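Chain naming follows the written order as A, B, C and D, and within any one chain the residues start at number 1.
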Amino acid sequence: MDYIYLAIALPLLGVLVNGFFGRRMPRKAVGTIASLVILGSFVVSLVAFLGYLAAEGGTHTVTLLPWLSLPPLEISYGFLVDGLSLVMALTVSFVSFLIHVYSMGYMADDDGYPRYFTYLNLFVAMMLTLVLADNLVLMFVGWEGVGLCSYLLIGFWYKKAAPPVAGIKAFIVNRIGDFAFLIGMFLIFWLYGTFSFTELRQSVETVALAGHFPLTLIALFLFGGAIGKSAQFPLYVWLPDAMEGPTPVSALIHAATMVTAGVYMVSRMSFLYSMTEVAMLVVACVGAFTAIFAASIALVQNDIKRVLAYSTISQLGYMFLAAGVGAYWIAIFHLFTHAFFKALLFLASGSVIHGMRGEMDMRKMGGLAKYMPHTYWHFLIGAMSISGIPLLAGFFSKDQILFAAFTARPDIWPNAGMVLWIVGVVTALFTAFYMFRQIYLVFLTKPRFDVAEIHPHEAPASMIAPNWVLAIGSVVAGFIGLPALFAGIIHIPNMFQPFVASAVAGGVHVAEAAHGAQELFKEVLTTSISVVVALLGLGLAFYLYQVRYGTTEKLKKAFAAPYRVLLNKYYVDEFYDNTFVQPGRVLCEQLSRVVDLGVIDGVVNSIAFVIGAVGQVLRPIQTGFIRNYAWYISAGAILLVILLWLGLAAK
Amino acid sequence: MNVIELIVFIAAAALALVGAAGMVMSRNPVHSALFLIANFFALAVIFLLLSAPVLAALQVLVYAGAIMVLFLFIIFFFVQPGQKHLYVYSLPWQTFFSGILVIVLICILVLGLYMGGVFTAEEHVQSAAMKVEELTSPQALGSALFSRYLLPFELTSLLLLAAMLGAVVLARKEGRGDMEEKD
Amino acid sequence: MEPIVAYSLVLSAVLFTMGVLAVLARRNPIIMFMGIELMLNAANLAFIAFSRHLDKLDGQVIALIFMAVAAAEVAIGLAIIVSIYRYRRDVDVDAVNVLRG
Amino acid sequence: MDAIIQMMANAPLLSIIIFLPLVGAILITLMNPAKSHRIKWFAFWVSIATFLISLFLLAGSGGFEKFSHIEQYTWLPQIGVSYHIGVDGISLWLVLLSTFLLPISILSSFSAIRKREKEYYILLLLMGFALTGTFVALDLVLFFLFWESVLIPMYLLIGIWGSGRRIYAATKFVLYTVVGSFFMLLAIIGLYVYSGSFGPGTFDFIYLRSHIAPPELQTWLFLAFFLAFAIKVPLFPFHTWLADAHTEAPTAGSVLLAAVLLKMGGYGFIRFCLTLFPDASVWAAPWIMGLAVISIIYGALVCAAQTDLKRLIALSSVAHMGFVMLGIFSFANTSIGQVGATIQMVSHGITTGALFLLVGVIYERRHTREIAQFGGLASVMPQYYNVFLITMLASVGLPALNGFVGEFLILLGAFRADWALGGLATFGVVLAAVYLLTMFRRVFHGECTKPENQKLLDLNVRELVYLVPLVLLMLWIGLYPKPYLSVIKPAVDRSVRAVMRIASGSVEYARSGEKAATALAQVLSEDTPGGDG
């Protein structure tokens, strides 16, 4: 499929049209154009996908133009078409399309309507660049490009105080990650002399520097970029703040697509990661830690979107956990299912906020199921999916992650797999609990607001329709990548794994699907535990918020200190503020005032002052009386003669 | 150098020195000018002795005649003797330092002449009578001026013209143009 | 060196120094100006002496041109003095210290 | 058309480009100062003509690896000075940058300058004359003359049409730069004396670069040149003139200062310091890279504390030019960094020029540059917002815009030369985002509360006319830098190759006439005869 670049070009066309003429066109046209170009991207990706299937593994690159060409440095506008990039492109363009449609309803009354769709189209173009690029630098273009769009869209409502600040925070934290990413890129280039994924894979695999220190270094630096982009600990702090943006943006960028770029990158570079155990372990541990860390924060948050934001961070942690134990295809699979159910959850929460006139505090909601039944169902399906209720999409992907962790490389990391698995299971418990806590607080408990005043209402059709599509996806998406256990039972083969695995370095460290009886037993065991845990979380939420509504207040009092820590998100933001931001600000001001104006300019000005002072001292010599000057002239002439004379005499 | 020449030279030199000293020391500018005229005449005599008759004549005509007359005119027209305000400002130590400087200067000059071998009594051989003839003849000077030194000569005439114009402009009456600035 | 040339040079040095003295020590601009004329003449004398010594006309030519220059200079100089006098009603050079730094 | 190109290719193009603004300036002196309208447009069209003619440089000869469009006329043969000019891949884009920015800065002054317009436009044209001359001079005396003659118009521009402490800023600017130039002049004379020790003394660059001085002499001469160029760039401890001069200068002055004047330093390093003093350059490279990294980090940190919009942008040049310096001196193993530095000079000229123009736009409307005086401009001036956004992002170094290309190549090269310094410099990328985004938020975001900001007019046609080309260039260089790189690369490669060959000791130093001849032969052996030797 040589026209894959159209998938990027079409949204860019949308950017140009809406960017230049958007303000002069009717709103309907703007939204329609924006959505249509994304649909076009989806169609292009789909055609490419079908072509790929027909060619049976027709991995190939499409090179358009050279970009930076300075031998030995050769970077071109080249696009890599393989299983991994096609899955990503399809996911991205499909979810984006739905969210564009949803946005047409959600943003209908906003002043910045054309601007919104311009940014959104630009985002899709950049995201597709990121996933389709055939070299690291072009990928970095997309990588930074999506960061830019994220910045612009978080700060979309720039008239308010908070959004622009959140946008800057997102951009800068991401840049810190990018800093590491850049260094990783430099190392790669000077070690392997290329940025192209295909060539890189060849040289890494042939040179075989497994366990080599620079290799680990590269992997860790690149992962630094992923930590920033995919909001992992310790650089996750921007994502909760990013919820200041419009909700569809949160759904698209900060849940379904952009934040998964790190996972994609690690999978794309899997050939490299698979060579270095240390980096793999770091990835897995960071992922696992972030998963449980963010999930624990999500337990007590009250803002409907913040819960989802921390949930996203947690789920991304799962993905890195999977990638870290070598199960790249599962990471991508979870990315794929997560895109559906998390987008669904966000869009549903957007409908709630829309119907509640901008209210986001769950403590002021309740009983909305009656007023917005569709949205209730959407949210319920999403929550069930993410919690791992059996047979929904999230169940399959999460289950496989846990299984992969459970069976991860016992030879290399004794017990590590077990620890990771336990962390994953606890996270699953948390996840089920906070999701259903949210369901209860928002939809089921008694209304805690003035119904007469707020008039909660269901969202318009343009917002409901995409949600239904996503809801269906959240239910069925898991069936294309069934675990071996289920594949064996219901005779649907795992289509996802072979498709993606051709692109990632599968096999080497991946715990392959169970074949033996012992493996099967393990899988049954872990799956059962997952199910039990999910139901436990659900049950707990049911008990606390439905059966014994009000118990939570007592719990809060009983565990005041831990509760406060969680509510304040472990004080990480405060810690960063006190450790980096404020001292940095003081440093800058002191540098500017004391060092720059004081010391450096001071030295310069002192030199000037000294010269001036010497001038002042010598000034009386210039009496202004001609006869004095005549005397000086004569004396000077005589002196000159004497000197010349002495000089001659010396010779 | 014969005796007569020597006597004439000594007399002329003495007059020149007296004239110069008188010029420097007179309180009255008119006296100064007159002393200077005496000095110029004496110099004209020495020029003659140095076989430069044309210049001797010009010295009398131009310097003693034209230039000094100009000086006297200016003095007569603008400066009344005994004007107090002429001598109001005095620079402290200026005379003292000038004296030192002048002493140093004269020492250096004389020393320089001495070191340069001026006083070594080496007999100057007059190469040929024709030389002296040529040196003293107005024709030779004239033809030199109009051949080899034509350009400087013409430039001098230009200079004189410029000076004439400049003097006219500068000495114009107040208020006739914007040459003179007013505070 | 021929005695007359040597004596003339010494005389020239002395006259020159007296001219310098006049310029430096006197406060009447007209007398200072005369000092300058004296210095010019001293220089002329030296030129002519050397002309004699070297048997070349060049010294005389230069002296001649000097005279012309001196004439021009006197004309301009006196004109300046006149205008300063008219302007300040006062011809003391020391009063004219507008060059003061 | 071909005929015209042919004709232009044969014409003494560079001289025309240099002297056309001068002729224009002289003609303006004859015009009636009251008819400022006529003067403005005349100056504008002269500069446009210069720019268009300069475009023919691209059409002419094949490739810019070596000097082309060479003109050489004897000037002061007694002391070996000639009028020798030429352009290669390193200077080509800088020449075009200065001819391109001249009409833009003239256009930007139309409504901003209200007093002494005649003199103003004369000086701007003179700036154009001196700037182009600096980039093409191949004789050290000629170079020095152009180099210094840039100061005079700039001094007057700041001193007469500047704002606030303009006299202080102008004096500081001139004195600071002249101190450096003084040492450079000494070194130039030193080179002359040196070249006189084995042949006829000369100031000719082409001759001197094949008669390299011995290392111990190089060190001193290098340091003298270094001081002049480092002040101009400006490198870390020599940067304090910049903030004042840029801040107080009129918009067009700031544009030319930041966009072109600073590049004279960077260009000087590549052209003269490296080529004439290879050993000293290799010796000094780690130190200068260190200073460059300090400039990057320090400049960014200081920027973050500024409250004056223009001062902030001015100081951001310290950081950005730090990148350029880093790239120039990362030549030891690869020329990538230096290619990056060359394109970064052009990029920075465009980006920072545009930023200053944008500040000028708002200054003209509000007569203040205090960031705190703004806020919420995004809703009042949407077009302005968009242009500013793109320019700001280019300055941040966002990929697909021009800033990234240069910075990426520089950092790539620097990382090879010294991974620690390269790594530190990379962190400057983060800091650039901090101060620029914060400034952007404070100016454009939030509610527009100040009544005097609420009725600000958006960009008018004239402002769009001079801003849009800059934005297009940012995109062009960012998206498809190949035309630029393909010109720069061979020339830089050639220069770096010569430096490394001499520094590695494979070429004899020209200590005596005989050795000089062999050195000449060796250096030029790779060049086709009659190329540029």
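Assume contacts are C-beta pairs under 8 Å (C-beta built on N, C-alpha and C of every residue); 3 or more make two chains touch, one makes a residue touch a chain.
These figures come from a predicted structure and were not determined experimentally.
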{"item": "By mean Cα position, the chain sitting nearest the middle", "value": "D"}
{"item": "Where subunit A and subunit C are represented by their mean Cα positions, the distance between them in whole Å", "value": "92"}
{"item": "Separation of subunit A from subunit D, taking each centre as the mean of its C-alpha atoms, in whole Å", "value": "38"}
{"item": "Whole-Å separation of chain centres (CA-atom averages), subunit A against subunit B", "value": "97"}
{"item": "Distance between chain centroids, defined by C-alpha means - subunit B, subunit C (Å)", "value": "6"}
{"item": "Contacts with 2+ other chains: residues of subunit A", "value": "623, 625, 627, 631, 634"}
{"item": "Residues of subunit C engaged with two or more neighbouring chains", "value": "20, 24, 27, 94"}
{"item": "Residues of subunit D engaged with two or more neighbouring chains", "value": "none"}
{"item": "In contact (per the touch rule at the top): chain pairs", "value": "A-B, A-C, A-D, B-C"}
{"item": "Touch list for subunit C against partner subunit A, complex", "value": "20, 23-24, 27, 32, 93-94, 96-101"}
{"item": "Subunit A to subunit B touching residues, read off their complex", "value": "623, 625, 627-628, 631, 634-635, 638, 641-642, 645"}
{"item": "Residue numbers on subunit B that touch subunit A, as the complex places them", "value": "91, 94, 97-98, 101, 104-105, 108, 112"}
{"item": "Complex contact set, residues of subunit C against subunit B", "value": "1-11, 13-22, 24-28, 30-31, 33-35, 37-38, 41, 44-45, 48-49, 51-53, 55, 57, 60-61, 63-65, 67-76, 78-83, 85-87, 90-92, 94-95"}
{"item": "Touching residues (chain side subunit A, partner subunit D) in the complex", "value": "65-70, 73, 137, 140-141, 143-145, 148, 151, 155, 158-161, 163-165, 167-168, 171-172, 175-176, 178-179, 182-183, 186-187, 189-190, 584-585, 587-589, 591-593, 596, 600-601, 604, 608"}
